[in-house]
Structures are given as C-alpha cells and as structure tokens.
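These notes concern the structure reproduced below.
Read from first to last, the chains carry the letters A, B, C and D; within each, the first residue is number 1.
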C-alpha cells in the first residue's frame, strides 16, 4: 500500500477525510433533524447549543482540569437541561402558531446564547490540545487522525442509537406519537408538553455530544454557531427531514463531497457546495436520500 | 349537440395501485350524471382528475370539445369546470363575500366591483346573504356547503362537479339542496354529482355510473342501476346464504 | 372599498410630509429615524410575500444584498452614476426573484423558509467568490477621485431618500391590500388548493408577489450600499437583517398595511434607544426583544388597535386589546 | 472540524440592527465641515479618535494596536503633552470597539466627526481602513493608518489617509528573499496559500512574482475563505504537490490553523512562511513547539535602526513598552505608536490643530524615529519602507534578515516538531 502512486493515496485521503468529517457533520445534524421531524420546529439555536457544549467541555477540562470525557458528559447534561427549559418555558408558547414563530424564537434564542458566549468566553478561537490530539494512524499514504476517527464512531453509534431508541423504547414511541398527531397522543394520555420538552432536550443532548467532539477535534469560536446551524439543516434536508439515520447518510455524503471539492476544485468554491446540495435536494428530492421522509406530510404544513 | 364534458378511458395509478381504471363518460348541457360506489371506489380520484388536481396516467379530458388533459385546476376552472370539495375549504380569514368574489374575479374574470355584486347575488341565491360580512371560518357545516356552492357558481361554470355536497346534512337541508341543484340544472348547467345519498341521486340524475375498485361496474338510468344485484352487493356485501332474501 | 383606499393613501402622504419637516433633527435621532424608515420599507417588502401570501421567506436579505451589489458593481466597475444605477438595481433584484422564485415557491411551511435561508446564504457565497463583486475584499462605490463618481449627498439626503422609499412601499402595500392581486394573495394564504380551484394561477401570482417584494428590498439595498460607500458580502447579506424584517412584521401585524409601519417604529426606536442606555448589555437587547416580541404578540400590535387599519374590509368589531393579546398567546400555547 | 462555510466576518456577532441603525447614523449631518473644523484642541486637551477591534476575528491584533496607541498617549503626555504653538495640550485618545466589522469602523469614525474629532488613529486591518477612508475624505478628517497595508487603499485618490507601514507587496516578497539569500539548501519550489481578503491576496500576488524572479517553481495559488479555522483540504492539496517551501498569507486565525493541521496531516516541507500570525504572541501561545521554525515578515524589530523624539531608539521603545505592558512588543504595537507619533509631530510642526494645515504638514513630514524613517509618498503610503524577517526559534521570534539586523542565523530546513 505504501508504494501506491500519490494520486491514488490523495484520492483515498480525500475520501477518508470526507468520511471522518462527515461523521462529525452527521453528529452535529442528528439532533437538529430529530427536532424538525418530530416537533416540526426549525431550531436555529442548534449551532449555539453545539458551541456552548464545546465551550463547557473546554472550560471543564482545560481550566478545571477535569478528565475530557467527564467534561464532555457534563457539558451534554447541561446543554440538554437548557434544551428542556427552552422548549418547556418558551417554545411551547408558540408550538401551535404558524411555523414562522418558533423559527423566530429559536433564532432569537440562538443569537442570545451566542452573544452571551462572546461576553463570557470572548471571541477568540479555541482548541482543546489533549494528549492524543495530534496522533494519527498511518495506513499506506493515508492519515487517520485518531480523534476524528472517534467522532465517526460516536456519530454512527448515536444516530443508530437514536433511531433504535425511537422505535423500541417507551419514550421513543411517545415522541413518535406526539410527532405524528399531538392531539391524538394527548387523548391516549401522553403528557405532550413534557414529551415536547423531552424531544428538544434529546436534540440538545445530541448537539452537546457534537459540541464536545468539536472541542476535541477542531477549533471553535462563537462565530461558528452559524456554520453548524447552516450545516445541520443542509444535512437534515439531504438526509430526509426527521430521519435520524438519514442524518448519518446525509452527513457522510456532504463530508465526502466537500473533501473531494476541497481536493479538486478551487478553494473558495468549497463553501458554495453545501448550498448547491441543499437547493438541489429541496427542489428535486424533498423527502431526502434515505427514502420517504418519516414525516413527509411536514413538507407542506 | 356536443357534450360539455367528455372523459375517455381515464386511468390513474398511485405506484402499483390502480385507483381509476378506464372510466369513460360524457356530460351534456342541463343534465346530471351521478357517480356512485362504496368508499374507496375512486370517486374522489375521478373528481381530482377531471378538475386538474391530479394528472391522469392515461386517457383524455375534453371540455366543450377542447382537450384539457393535464391542465392545472385554474385553467380548467376558467374553461368552465367548477368544483366543490368533499371536506370544505373556505378562505377562513376572508369574509364570506370575498370568498365568492375571488372566484368571480379570477375564474369568471369580472372586474372587482362587478365581482362583488355578482357575489352578493349568488349569496342570496344560496341563502347566505345575511352572513356576507362574517369571516368564512365562522360558518357551520350546512352554511359552509352553501358557500362552496356559491363559490363554484361564481366561476360562471359550464360543468359543476359536486363531491358529496349533501354529505352529513340534516334531512330538511338535503331537500333544500336537491331543489337548489334542480334549479341549476334548469339553468343549463351540467352537473357531475358524486353522492352516497340515493334519494338525491334518484331525484336529480339522468344517468348514473357505478364505480367499484376504480372500474365502472355498470351505468344507466338511476332506477335500473340502483336495483342491479351487483351494485347492492358492492355496497352491502353478499347475502349470507342462511338469511332471509 | 374605494373610499378607504383613497383615505388611507391621503393619510399616509400627510404623515410623511410632516416627517419630512423633521429634517432639523440632530444627527443621532436622524440616524434612528433613517433606520426606522429603512425598516418600514424592508418590513413592507417582506409583508407582501410573508404577510399577504403567507409564504414566510427567510431569505429576503438576498434581494437587499443583490440590489446593493448591483448598484456597487454598476457604479464601481461600469461607471454608472448612482442615480442611474438605482432603478437598474431594483429591476435586477426583481428579475433575480423571478428566477429563483418558481423552484422555491413549490415548497411550503418550514421547507420554504429553510430553502430561502439557504438561497440567501448561497447568494452570499456566490458574491464572495465572483471577481466583479470584489469577492471577500468588498467593493467601493466611487464617491470621490478622478474617475466617474457620484458625490456623497450627506445624511439628510439619505433621510429623504429612505422617506420617499418608505412612502412608496406603504402606498404599494395599501394598493395591494385593496386590489384583486392582494385578494388573490390572501386566498393563497388561506387555502392554496381552493384558491387554484377559484381560478387563481397560484405559482404565477406567488412569483409576482416575490418579485414585487424584491423590487422594494432591492431598492433599499442599493440606497444602503451607496450610503455605506464600501460594501462587503457579510454586511449586505446578514441573516439578522431578514430576521428583523420578519419580526417587525410579526410584531406589527402580518398581512396588514399599518402593521409593519407600527412594528418598525416601535421596534426600531426601542432597540436603538436601548442600545444607547445599556450599551454593556447591548448585544443581548436585540435577541431578547425578538423572543419577547414574538411570544407576546404572535398576531401583532395592529390587531390590538381599535380600528382594524386595512386588515380586510368589514372585520368583526375588536374586543378589548388585553383580551385579544391573552387570546393570541393562549391560542398558540401547546 | 471542516469549516464548510466562509466563517462569517464578525458582523455576524454585531446584530444587523445595530449595524444598520448605527450605519445610518453614519449618515449623520457630516455635511457642514466648516473650513477650520471645530478646533477640538482649543481647550487644553487634544482628542484623537480610534475605532479598534476589541472583539471578533481581529480582536488579537486589535488589542495590540490599542496598546501601541495607549503607550503613545502615555509617553507623549509624560513629556508634557503636544506643544501646539505656545500651548501644551494633553493627548486624549477615545476608543470604540468596531467588533472587527469594517462597516462598523466607518460608523464609529463618522460618530467621531459628529463629536468634532478630526484626528483618527487607523483601525486594524486593510478592510476596515478601506471602509474608513471615504468617511474621512468627505469629513475632512485625517487617518493615521497603522495597519492597513493594502495598496488599493491608496489608489482611490484619497488625500486624508497616511500609512506608516510598508506596503502589502513586501510582506511575502521579503520572506522569499530572506530564505533565498540565507538558506544553506535553497528551496527549488514554493506553494502559496492565501485567505481571500484583499490584503492577503495582494501579498500573495507580489510573493509569487518575487518567487518567480528568484527562479523558484511556483505551484498554482490556493485560496480559502478568510477566517477559516479548518484548512485540512488545503493542506492535503499542498501535500500532493510536495513543495520545498509553503507560504501562507492571512491573519492570526488562519496562520494557527494551517500550522497545526499541517502537523496533524503530516505535511513534509523544508519550512513554512506566514504573514502577520507568527509575530503575534497568541501564535506561540496556541501552537507551542509546533510554532518553532516558522518564518514571518515584520514591519519592525526591537533592534531597528533609528532614533527620534519621545521614544528614542527601537531598544528604548521595547524597554519602555515592556515596563508598561509586561511583554516585549512585536511590530503591531510599534506600528501603532509610529502612526500616533506621526500625527503628533505633524500637529506640532503645523503649530495648529486646523485639519487642513495638519494634512499639509503630514505630507511633508520626513523624520527619523524609533520606527525608522517616517515619510509619505504623495498618495499617503510609506512606499520606500522595507521589512525585516523573523523566525520562531525555541518559542521566540528572532530576527534573521536583513543583514546587519540578524540576532541569530536562519535555521533552514526548519526544525520539524518531534
């Protein structure tokens, strides 16, 4: 393998980079697509939740000296609790309003969170330098940075975990029932307000996991909140709205597409790739690449 | 006299399911054609195909001799094919008057002022004159049906497609409805009546088509079709051998 | 119906004439007033597609940015005078809307909002890549120096320009509200399928509404570009600009004529003045106002006013404002 | 984390509303600039205004610029303030944070004008300076530009902007010269990567020209969105080309990202040259050992030749600054103090605070200083100023070029992190 001509290794490296990158993108997006699919709410604060978790992980492990794993878990818990409060206290007030209103409320909340982070953590870029942040496996000419591998593993386990959880656990069924018809769900005794907040908290927890991973793998700052929100909805649409396993497929697809673009297209075109993908997906295949969008009825409401 | 509406081997598939299979009929001015059959027989699909809400997989639709197959609803309604909806679809936050005025302006092409006078006249005709200023969302079931009819009439139609317009109405309201439709037939409007209420079908229809699982089972005058054994079985299922005839 | 139309136009013209007299304002209040007028135009432009037609576009800033950049390119690269570039930029923005409109307007609800959000972000990336627009480095509208340029007219001239544009926007929406076109848009908002069965060519009507709204937003964008002299992709295509337009219309009253005006005046003045007092808190003021405004006034202030200004003829008599407010919040609560 | 999108310029942080409302305040009554301009100095205080980036992308460099201005104010006032004719005025600089947004810098300068402040100390970065210039031009304000090196600023025909720093064209070119004239194993090929803001692209363009004239093979330029923090796709492409030398033109954020990801993805080059980033204390702070060996061009070093009023020699400046701020200054604070010094000296030479007469004094200014010779070409740019080149050795930037200023020999090929 080591002797493979460099053109091949470069392609392989681009593909590997794409997959590892796609893993993280999927991780960021899965919480967003869950909330959109079930609650028909576009959570424009999703990116802010990701970055908040990254900051909490950074603060807990870098300044408080906590073990990074523990720091990450605490960050996830805090962000999930914040998510629960945001939905229960605020978004439930406009849950039955035209879709535009929750969109505005989450936008406002996201901006509030981001500006609070600027005030609290300043807007410099941060990255968590851990013991193995630079180590990488070398297979032939191809580099596999360890941490990014972990983000792919985490992405796969969490997205499948969420998909299975939705189908087989009691809470999962309650969430899906509320998603399909909240009034009917209420009739059979499901505490809809609680389940709404629970779903949003689950989405926030997933954002937290992504944030913890971002802290370890990449550099982040308050400005990156918008990047993560934009990417989440591109992947949600490409993967199929509300379709958590679709988020994994969408994330990987976008990751590989961008890595290839980064390799073979002029640099500045890369950032336009995601939008081209979004518009194409919305116009050609609103139900996403993983078959029927679980709540395709949502597309027109 | 050419038919106002001609439908030729109309077919529509949803994936593998054939919802409507080779339906053919024609409708002349001032006549009423009944379309009956159990739920799921494909009646509403035929309505959607004829009014442009669905494009046929195969077959042709002609209005006044002109081929309009696959045209969008707004072109069809301007060609003279108006419809009411099985589940009423009022413009809830517009006034009852404006609900009707929209059809007059856009389907019939009246200027704003004339459209509103026509709308007022039609509201009187269907008995909604007193509710003209109220938001349409506040109407009850019967009044909403009257509004649907008024909106369809405001398009100055040649053909009126009524999708179970009498459904769920009290006996007194059905009688009033049948009189109203009979009057429209006298004015020369052709009506395609999709209905379960056999009394209204007998009273109004010149001919009836019986649909079962998307296919035309039989057609003819109402008395003949309604007594046909196959129609009874389609609606009520086969007689259990042991019971009385 | 004709009477209210004429009365409304006369009324607004009078108030605007009065406002023109306020030119003696010192520079800080003049800045606030100018910003309010800009947002009256932007809010009315959003109101046409988001309020009347019920299509909540989240990409209006794309038309604002396209109008602004078109003016910058025409003046900086082609040598137009700004006053010649202004109408061209407005038309270009409308044409841009007519092109991106049809595919987007096939979608509804959240999918439409997200698609327009994506369209606006995509347009920004495109502008940041193109050479002619100066890419990420920005572009300067020539107001000085040897080459063809348009002298900078000063703040007062811009106040009057935004005033005129706000008056035009108000008149357009007032006309729309009383016209056939407005009625068709309201029908589409209420029930698009039924509207099509009533003979409304829905796609064509929606695209026309988007183009009209882009015309207003594009003009505002061109004026804004000239005022800033140097334009950057991030300042012309800032998503928060769209959000502000939307919030102002929501808080003011969707689908009404006066709603956006009320919203713009209340919201703008509040934010700008608060910014002066609690400058340490200032980054948090705007988002907090967005959240509080939307949650407390989901149907907008205009519906609380005793007389429903142009909210559709013959509306039922208004209940007491407080009841209407609580009712709106209760109606949308889970 | 691959930053797929252009990392939003900090305008994203400043809610558009403030940007818009504020920007429109920029339209405040600026029309009536009477010939004399309100003479802010009539009292006993001489007020300068400075829009500087304290938050957002450029916050790191912005703060250093502010330190330079503060140090200038302290030293000038310690020497009894600015002597204008017979009066001694205390220098007072007011700062507003432009949150690294060029449109906000323009608004702040307009607000200064409304408050009667005609003397402006330049914001950080070419984009902000480009946005401020037309405002100053129409208000008759003077901009002492300390960090806007982009040549295009001086091509609009403005007469109110005076830049003390060497033009963008020298940034990459001096790195190439330092290596070619110094290295034992002269590199045969070089790859250029550049952020897409106009300053970085200008720097890259002149760098490519210099590299070709020195006979190096130059790979096609790769650009990336300004402010990107994930350059893995850029590094992968450069690795495929196997250049001997990699030169990046951009600011602090991109500089850090490139070096760390180059290590992560195993890029093999004889050395990396970067503009701006390595001379910022934050660079070594975040990269630690990885920073060693990186080369950068700089406007000033603490053994720069020259001596002048208020600050003495470069060494005196560095010594005084360290005493006041606790860290040895790189070139950002020095060029800021130099811009402030130029404005102060021009006012003293003009003997008045009338902006038009001070502008004339600035255009004729030709004086030696801790920063070397300060004088301006007709278009306001200090066209003849050259740059020095430093290399990070054991965590410290050390001057390696030009001859006569070296504090240590150039280590080439650069030491590779273990």
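Just so it is clear, contacts are C-beta pairs under 8 Å (C-beta built on N, C-alpha and C of every residue); 3 or more make two chains touch, one makes a residue touch a chain.
As the structure is a prediction and not an experimental result, all values here were calculated from the model.
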Checklist outcome for this item: Label-sorted list of chains bordering both chain A and chain C is D
Checklist outcome for this item: In terms of mean CA position, the chain most removed from chain D is B
Item to check | Gap in Å, rounded to a whole number, between the CA centres of chain D and chain A | outcome: 38
Checklist entry - How big is the gap, in whole Å, between where the Cα atoms of chain A centre and where those of chain B centre? => result 49
Next on the checklist: Could you work out how far the Cα centre of chain C sits from that of chain D, in whole Å?
Outcome noted: 39
Next on the checklist: For chain B versus chain D, what separation do you get between their C-alpha means, in angstrom?
Outcome noted: 76
Checklist outcome for this item: Among chain C residues, those touching two or more other chains are 121, 125, 128, 135, 239-240, 243, 283, 286-287
Next on the checklist: Could you pull out the residues of chain D that touch at least 2 other chains?
Outcome noted: 5-6, 8, 12-13, 15, 196, 225
Checklist entry - Multi-chain contacts in chain B: which residues touch at least two other chains? => result none
Item to check | Pairs of chains in contact (touch as defined earlier), listed by label | outcome: A-C, A-D, B-C, C-D
Next on the checklist: So in the complex, the part of chain D that touches chain A is made up of which residues?
Outcome noted: 1-8, 10, 12-13, 15, 55-57, 59-60, 196, 222-225, 227, 229-230, 232-234, 236-237, 239-240, 253, 256-257, 260, 263-266, 282, 286, 288
Checklist entry - In their complex, what parts of chain B are in touch with chain C? => result 51, 53, 72-74, 77-78, 82-83, 85, 89-95, 97-98, 101-103, 105-108, 112, 116, 133-135, 151, 154-155
Next on the checklist: For a test of understanding, state which residues of chain A touch chain C in their complex under the given definition.
Outcome noted: 36, 40, 42, 90, 92-101, 103-105, 107-112, 115-116, 118-119, 182, 192-193, 196, 226, 230, 233-234, 237, 241, 268-269, 271-272, 275-276, 278-279, 282-283, 286, 298-301
Checklist entry - Quick one: in the complex, what on chain D touches chain C? => result 5-6, 8-9, 11-31, 101-103, 106, 114, 127, 130-131, 134-135, 137-138, 152, 156-158, 195-199, 201, 225-226
Checklist entry - Across the complex, what residues on chain C touch chain B? => result 1, 179-180, 183-184, 186-187, 190-191, 193-202, 312-316
